[in-house]
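Below is one structure, written out as structure tokens; comments come after it.
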Amino acid sequence: MSALLEVHGLSKHFGGVLALDELDLTVAPNEILGLIGPNGSGKTTFFNVITGIYRADAGSVVFNGTDVTNASGQAVYRAGMARTFQRSRLSLPLSIFDNIMIGNHKRLNQGLWFNLVKRGDFKRQFEESYAAARALVEVFEPGLADRLFEPVAGLPMIDRRRIEICRALISAPRLLLLDEPSAGMTHEETAELMNDILLVRARNKDLTIIIVEHEMGVIERITERCVVLNFGRKIAEGPYRTVASDSQVQEAYLGVA
Amino acid sequence: MPGITGHDGGDPDMDAGLLAQYIMNGLMLGMMYALVAVGFTLFFGVLDVIKFSHGDVLTVGAFAALATYVGLHALGLNSSWLDLLLMLVLSTLAMALLGMGIARYLVMPLRSAPALNTLLITLMLGTVLRESVRLFYPQGANPKPFPALLPRASIDLGAFNLRLDNVLMLAAGVLVILGIQYLLNRTKLGLAIRAVAQDEETARTMGINFTAIVLITFAIGSGLAAFAGVMNGLYYNEINFGIGLYLGVIGFSAAIIGGLGSIYGAILGGFLFAGLQTIGTVLLPFASAYKDVFAFAVVIAIMAWRPTGLIQEKISERV
Amino acid sequence: MAQKTRISVWPGVISLAIGTAYLIALLDVERQNLIIALLVFGIAAVIAAAWLGLLDSVSASFADHEDTLGGCAIIAALAVAAFFHENHFVLLLVITVLLYSVATLGLNVQFGYAGVLNFAGASFFGIGAYTSAVLNSYTAVPHLVVLVIGGLLAALAGSLLLLPVLRTRGHYAAVVTIAFALLSKTFLEVNDVLGGPQGMQVKGTRILGWSFNDNITICSVSLSFYMNYFVVSLFLLVGAFILVRRLERSWIGLNLDALRLDETAAGCFGLDIVRWKITAFLIGNFLIGIAGALFGMVGGFVAPNNYTFADSLILVSILLLGGIGNPWGLIVATIIVVVVPEKLQTIQEYRFLLYALMVIAVLLFRPEGLLPRPVRRYFPGWRP
């Protein structure tokens, strides 16, 4: 079984700062990979490079057999990668439904004629999309399922994070990139969120996840394998237990004793 | 307008005197544009705002100077130098106050709103200032003669007539710009301004009074506008209520071309724009009025090529 | 899960009826102090309604029954025209409102939806108008086609600015259209072929053989020749309104909002930023141009002085006053901005000043505008 995502020698610098240092990483289909490391180790930069927000300076990214090195964000999305952001990026004045539909872009008909003239067909697609969005939201927060046309601005942070994950999941991506999904949440809320994500994954056999996290409890519970970054380099790889007891990893997080 | 506006074709060789005249015109215009552009860049530096009313503050400054002159003459004072001095001082002070008021009541309250709102509010404010001059200054809708207060002597250098008043104005402009440079780079106040421009939060934690610095910066920028307005009046011997809009857009374009936030860029942009206008006049001698069409078209083209100006603004967004 | 009770259409209908009656009264009255009294009464009534929460129920009514109320609005417009069927001045005013509304709808697509700054709206309006002047004077192109060409030329002129518009953000983007506004006005002034500062005349309009410049008589009722233009303008506004509404209430409208609010995120979800900015900008300019072309025909005359930067700012003011992104608010704001200074002759001179002050007040105290834009409802009245 070949890897879903293969990254070789990926490098990225910002001025004098080397954010990614010849990073090698593979992700197998259907696995849940934890990406951890101290602050500034390059985790979010890694996401930003493979999703086309930054250009890589060197290296290659192969996704599902296709070379997507330095492909545009749009191409990467169409290929089946979707992500959430470290700092919540929802369009606040828009409704929950609208925000989720932004994530559904590739499954919606964007033609002018369809949208402006063929209103009957459009209505059908709208109703299907509404049903899909509602079903997804119901997994994460049933209380929101009937409030899909409320503006996101009025929602508490945890609900916004849930909506953002729904936005990433609605297009049935093959690879989901979660960037610190638990930030700003309590332990209970985080546990609940992780359960919901696992539920979605159970229903959708095809979903692979890379999760960046600082809360090690989450990593331990839901990931099968971890990659540890430090200064843009991979310093350890393996199940959580293994990397947690790795001396290099401990040094990276805690400093030299 | 002093100098040559265009000449009918015919002589293929550029007359040296004519060339010198064009250069002189270009320098004068460039100086004025640079002064306005520096104002824009100062405001942008400290508050990340584009104060679109800046050009119209120039207009009000020019009219304030004119009003001072009229007042002085009504009082029977007739010394050119005294007139000029008082006009400069009063209009600069008045505009400094106006600038501070604008900062305090219109710009700072909108800091948490999208930047677009500040852009819009200052655009509207510019209209308010412009219309106020047109409506409330006696006969404001008509161009008003501006007194010629500088010595009218001139020296003949071959075919070129070098006017003393132009030289004086250029020198004064240079001094003012050098003064601003000195203020920014060699004084504690300048240091505070640059600190605020770079990073508001850090500046505050270092004990700098953010509001005071912003107000002072706006006062300086608006004072500069007044100076430029008086200079404009002396150069053309005439002012009208629309002059600020025109100069404002040019000054803004100049600041943008040079790269917002950079004083050198603003000065460069100002002279560049004047240069474009001069080139336009020379290239199209049959219709020198097209010089503005030409110059603005080049500005648009530059924006297409370098979207954040010739000296790139360092924009970074945390993703 | 409680089902929402059906929202009544009556608040909408009643407010439309009252509004129409008020407008007719305002247009009819001549004496200045009566007009002032009417205006004061109107403002007080609106404030009272807001305070009583009535405005919310009117908004909800419009949101749920937009198609029906749109039909009622058309009837209201016809009623106004019928009342003033012989009055050249009032009909011209009404036509101005209709055409400015179309132009501002175009600007709304660019600015309100896609977030593309356009401070040269009046310039593109002028391009449409000059198209009418030139084509009517020098060619035999049918006048209906001239309207479409006016729109296309305005869009074409806009495409000259596409590269800088696409590549710039915020205040940099502002410079591009402001420079274009000044550039085009100067160009029109110095260009003798297009009449220079004096401008050009627009020859009389004939559509399908029907002359638009003669008064009409139907069953011994005499109608001003402006009725011809009124009918065409109303058609244009209704068409533009439906177009813009459907645009907003579709995946395309969603795309535009997404790219306005967060371009980076939108790109990560497959949005082709360039394609949609271009689409919004060109559609907007097309609407502005068509409105301008018709307006040129109505006025019979075009001159550079009518399409200055200050005029572009008026269009932007209407957008801000009415409520960015809300077509109904836009129409209300257009009515206010066009009608009030014409009626209140004393403030005619001061109108630029007053608009600017009003917009400043709005930006400081109520940035959403008169009628804030509600959340997107893809189908009015639709319930899951």
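Each chain carries a letter (A, B and C) given by its place in the written order, and its residues are counted from 1.
In this text, a residue touches a chain if its C-beta (ideal position, glycine included) is under 8 Å from a C-beta of that chain, and two chains touch if they have at least 3 such contacts.
Computed from a predicted model, the values in this text were never measured in an experiment.
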Chain pair bearing the highest count of C-beta contacts: B-C
Furthest chain, CA centroid comparison against subunit A: B
Whole-Å gap between the CA centroids of subunit A and subunit C: 43
Computed distance of Cα centres, subunit B from subunit A, in Å: 50
Whole-Å gap between the CA centroids of subunit B and subunit C: 35
Residues within subunit A bordering two or more other chains: 53, 85
Contacts with two or more other chains, residues of subunit B listed in rising order: 319
Numbers and ranges of subunit C residues touching at least 2 other chains: 264
Parts of subunit C lying in touch with subunit A, wherever the complex brings them together: 1, 243, 246-247, 250-252, 254-255, 257-258, 261-262, 264-272, 279, 375-379, 384
Footprint of subunit B on subunit C - complex, ascending: 117, 119, 161, 163-164, 167-172, 174-176, 178-180, 182-183, 186-187, 189-190, 264, 309-310, 313, 316-317, 320, 349-350, 352-353, 355-357, 359-360, 363-364, 367
Of all residues in subunit B, those that touch subunit C in their complex: 44, 50, 106, 109-110, 113, 115-117, 119-121, 123-125, 127-128, 131-132, 135, 245-246, 249, 252-253, 256, 260, 287, 289-290, 292-293, 296-297, 299-301, 303-304, 307-309, 317, 319
Residues of subunit A defined as touching subunit C within the complex: 51-53, 72-74, 76-78, 82-83, 85, 89, 91-95, 98, 101-103, 105-106, 108-110, 112, 115-116, 119, 122-123, 126, 130, 134, 146, 149-151, 167, 171
